[in-house]
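One chain, subunit A, appears in both complexes that follow, with subunit B as partner in the first and subunit C in the second.
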Partner chain A sequence: MSRVFAFTLGTLSAIGGFIDIGDLVADAQVGARFGLRLGWVTLVSVVGISCFAEMAGRIAVKTQRPAFELARSRLGARFGLFGLVGSLAVTALLVMAELSGIALALQLATDIHYLLWVPLAALLVLIVFWTLPFEAMERIYGLLGLTMLVFVLAVWALEPDWSTLLRSAATPSPTGPESWATYLFFVVALIGAQMTPYEMFFFSTGAVESRWRPKDLAELRVNVLVGFPLGGLLALAIQAVAFIVFFQAGVQVEHISQTALPVAVGLGKVGLIVAIVGIFAATFGATLETLFATGYDVAQYFGWSYGKVQEPARAARFTAVTVGLLLAATALALTTLDPITVTIVAVVFSASLLPFLFLPVLLVANDRDVMGELANGPLANVLGTAVIAITILISLAAFPLLVLTRGGIA
Partner chain B sequence: MLTRAFFAALGVAVVVAALWYVVAPPRGVDGYRERASSTAEALRSQVQTARIWLRTVARDDTLLTSASVGLWEAEEDASAVASGFEGYDPPRGADELRADLSGLADETTSALGDLRIAAHRGDWGTLPRLAEPLPRLADRLQALARRAQP
Partner chain C sequence: MTTVRASISARIALMDKQIVDRDRLPIGRVDDAELQLPDDGGPPYITALRIGAQALGERLGGSVGGTMAAAAARLRTDPSPAGLDVSLVEHLEPMVAVRARLADLPQIAPLERWLAQRIQRAPGAGDAPQ
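Now for the complex of A and B:
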């Protein structure tokens, strides 16, 4: 029974990791402007993140060390520092955006300005971080995150013309008024939103913290192969409801409130309440994940002790980095910087970092001296190489497209 | 050492040029018309968003707190996009377009402002009357967006 429960929790964590503020914003924007014409990007993202999360988890299970710690020891300190600084910058922006996401969910429920909620949201995150054990955190936000399935129900409730949805999904090109540059910009934004590196950091170190062993490999794989595709299904549902409600009306999505609005149209007040709870849970979980991922990343680079299985005082520098980042993100959010704009910029830069973070994982997972019988097979190598090739193209195109389309406006 | 400094300077120059391009005002008549068209589309988007929120209010399908937030955001975004456009100097030959769009933008922000005030006061019963101009405003903004396209 406990194994079943552990599996459920891991699966829910994977869903929570996939759907964060980046997805909530980017999916709704894409659905409103392109319908399901970028649905294929979500499929690519699910395959990509599943492939690399499985590899990172397998490395952790085999070596009892997080994937990135090993990768850095192989590729050298300078490469490691580049990855660390890049991912730190992106993840710090994402912490600010996720924290604002919690506050925006509370604003929707109360009509009190989100900036007033930001310090309280940060305090709540700090209390949870300080007091709750790792598994309890997973359980709470994982189970609450399941409420995001309301977006899937809303697709049915809105009674769409299914042939229109299918036709849209089968047309991988821009809609009439949109340019190819804008279409490709949103390809980059979706990849960046859905294949966030912190998901992998978190999954890998989480496997070490949970003391998973090779006998747990099947559980790990089921978590990946069920959790991330479910996250992808939620992402497609958000795109679909935005398409159904906003596309014909010419609505451009710029707020979390607009992400939730189609659920109110389809399922009424109760649906909206459930959606707000889901948004709260998804952003709360993602705030914790991004904080932990950053703390893990810095601590592992400098060789400090880290982790939630220890008392905060026993991993003082890890705790200091994590709490410091939370305070910095709170201060940044209070500058009134638009969290949605920050999210879009962060996910685009996140997309451009992906090859630098994926390549070391592929190299270590393919090393038979380290991995022994758990080294990559042909399928993992082919998929991993294909994903890296795609992320290299994305990385090269990200900044020019961001500029050319003025952040997707043009 | 010199090469490294050169590439660092080049990198900074590219980033600065890119940022300038992103925030630069429109250049020439075509650029101005394009910006006018996208401004009209953005204003229409806010009007349409407000209409959808109002529909959910009328059917008792939403939390009033959420609808209030949605209406406030619609007005705030409409004001921001309108003032952004009005900050651009129109090139010769585009004064009429500027006047048309500014007039429509004023009507839009005023209508959305009335809705926001009524929602914050809890005067939900007055919303249907206040929303009456919205469908026509949306049509006029769409027509202007099409007409402005270069």
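Now for the complex of A and C:
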């Protein structure tokens, strides 16, 4: 049984981390405007996040310490603080966006305005955070998140012209009316939405909390190699269905209901219901993951006790930070700030921070004094270095592109 | 007081490291260290480790560090940063391990204790979720 439990750690990270509000928004927008012409970005993201999640997990099983804890010892207090403040700002925005995502899924199901659902969704998150054990939590949302596979089914149900899909995927350039700047902006947005560092922090702390040891390494790798590609497949499916249904009609995706609409077109009411459950599970899981990741980051930077394994009172400052962030995110969501805009800004911010958060992981994973026989081999080093090189380019281009394209509008 | 003599770089081997108590519960990080210069003009030695955001802020300096230290100081009743006598240190690798138990070190993390008392009163907080 423990194998099944362990397996869901990877699935939750994939569904809740890879497919979160950022993907539901960015993938659908990209699909409607560019078809599968940005499909290659998802492949890069899958390779990148798999590579670094594997390293972070390997560090965790070897040292029994999660990635962010080592970041400060490795980079020093000042540089570590920069990474902490940056990822705090990004995940705070993401918590708000994910929470709105839960509320939007409930709006889809009930037709009641999402702002009315926000406080209720926050309360539900708080109850789950407070009472549910770590493993039960990841199991429930990992399994519920599998309903997102309905997007893959919908691709077939929509009976697309496969040669058009393939031709689109093989053309890495903008479509007719779009500019290169917009195309590149969405490259940044997709990378930011898919290669989210909180997945890595959550994954590595999860490995510590589940007391994984070097003998569990094979299982951990299976999780990474099944979980993240599965997330990537879902992302491509969301792009594909948006392409098939919206591209010809020239419809722009501005609301999360449009992400689910192609499933309704292809699979009818039942498909839509399953998709809504999937969106609910993915955003709910991602809300928990982002909350935890933020709590972990702060607690690990200052060396506090943390964690879901302990009861809330045993990690009081961790609990206070996490609950405080949830309240702040709820308040932010209730300002009626558009969750789609917040999501796009958050993923671009996130993309620009990637090199700072990936570098310490690569440094530690490659350190034979710390890692011994589990240190990086040539494959991990080459891939890791290549991914960091890409993220540096992304990081430099993120803000100029955000301003230049006014968030992809121009 | 025992004296540990070692020719290691305090900055690399000590600073920013995780500190755990004898039950391996996290205490904090080595946010700063107190040095003493001996009267005979010998090399300085470390007398205490400083723990907490106040110590870290004072070490970092600048506007960011200053703000952090000021905010952290307001959350403490004791005006000086929390210190841990160096004689309590058991070993430095891979984490700084301390001989005492966290419960016996009242100067460390008073905020954690204050919050824990309040959280414990909330419904469901006592249920260990494992």
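The rule is short, and it goes like this: the second predicted complex is superposed on the first by the 402 of 410 C-alpha atoms of A that agree within 3 Å, B and C clash if a C-alpha of one lies under 4 Å from a C-alpha of the other, contacts with A are read in each partner's own complex, and residues count from 1 in each chain.
As a convention for this text, a residue touches a chain if its C-beta (ideal position, glycine included) is under 8 Å from a C-beta of that chain, and two chains touch if they have at least 3 such contacts.
Note that the coordinates shown come from a computational prediction; the quantities given were computed from them, not determined experimentally.
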After the subunit A overlay, clash or fit between subunit B and subunit C? fit
Per the contact definition in the header, classify A:R317: touching subunit B only (first), subunit C only (second), both, or neither. second
For A:G268, is the partner it touches subunit B (first), subunit C (second), both, or none of the two (neither)? first
Who does A:L379 touch here: subunit B (first), subunit C (second), both, or neither? neither
Answer with first, second, both or neither: which of subunit B and subunit C does A:W304 touch in the superposed model? second
On the A-aligned overlay, A:E254 touches which partner chain: subunit B = first, subunit C = second, or both, or neither? first
Just checking: does A:P133 make contact with subunit B only, subunit C only, both, or neither of them? Give me first, second, both or neither. second
If you stack the two complexes on chain A, which partner ends up touching A:R65: first (subunit B), second (subunit C), both, or neither? second
Just how close are subunit B and subunit C at their nearest CA atoms in the overlay, in Å? 10
Once the two structures are fitted together, what part of subunit A is touched by subunit B and by subunit C alike? none
Would you tell me which residues of subunit C are touching subunit A in their complex? 15-19, 25-29, 31, 51-53, 56, 59-60, 64, 94-95, 109, 111-113, 115-116, 119-120, 122, 124-130
Provide the residue numbers of subunit A that touch subunit C in the complex, in ascending order. 63, 65, 69, 72-73, 76-78, 80-81, 130-134, 301-306, 308-314, 316-317, 319-320, 370
Complex contact set, residues of subunit B against subunit A: 18, 21-22, 38, 41-42, 44-45, 48-49, 51-53, 55-56, 59-66, 68-70, 73, 77, 138, 142
Flag every residue of subunit A that touches subunit B in the complex, lowest number first. 107-111, 245-246, 249-252, 254-255, 257-258, 260-261, 264-265, 268-269, 272-273, 276, 399, 403, 406-407, 409-410
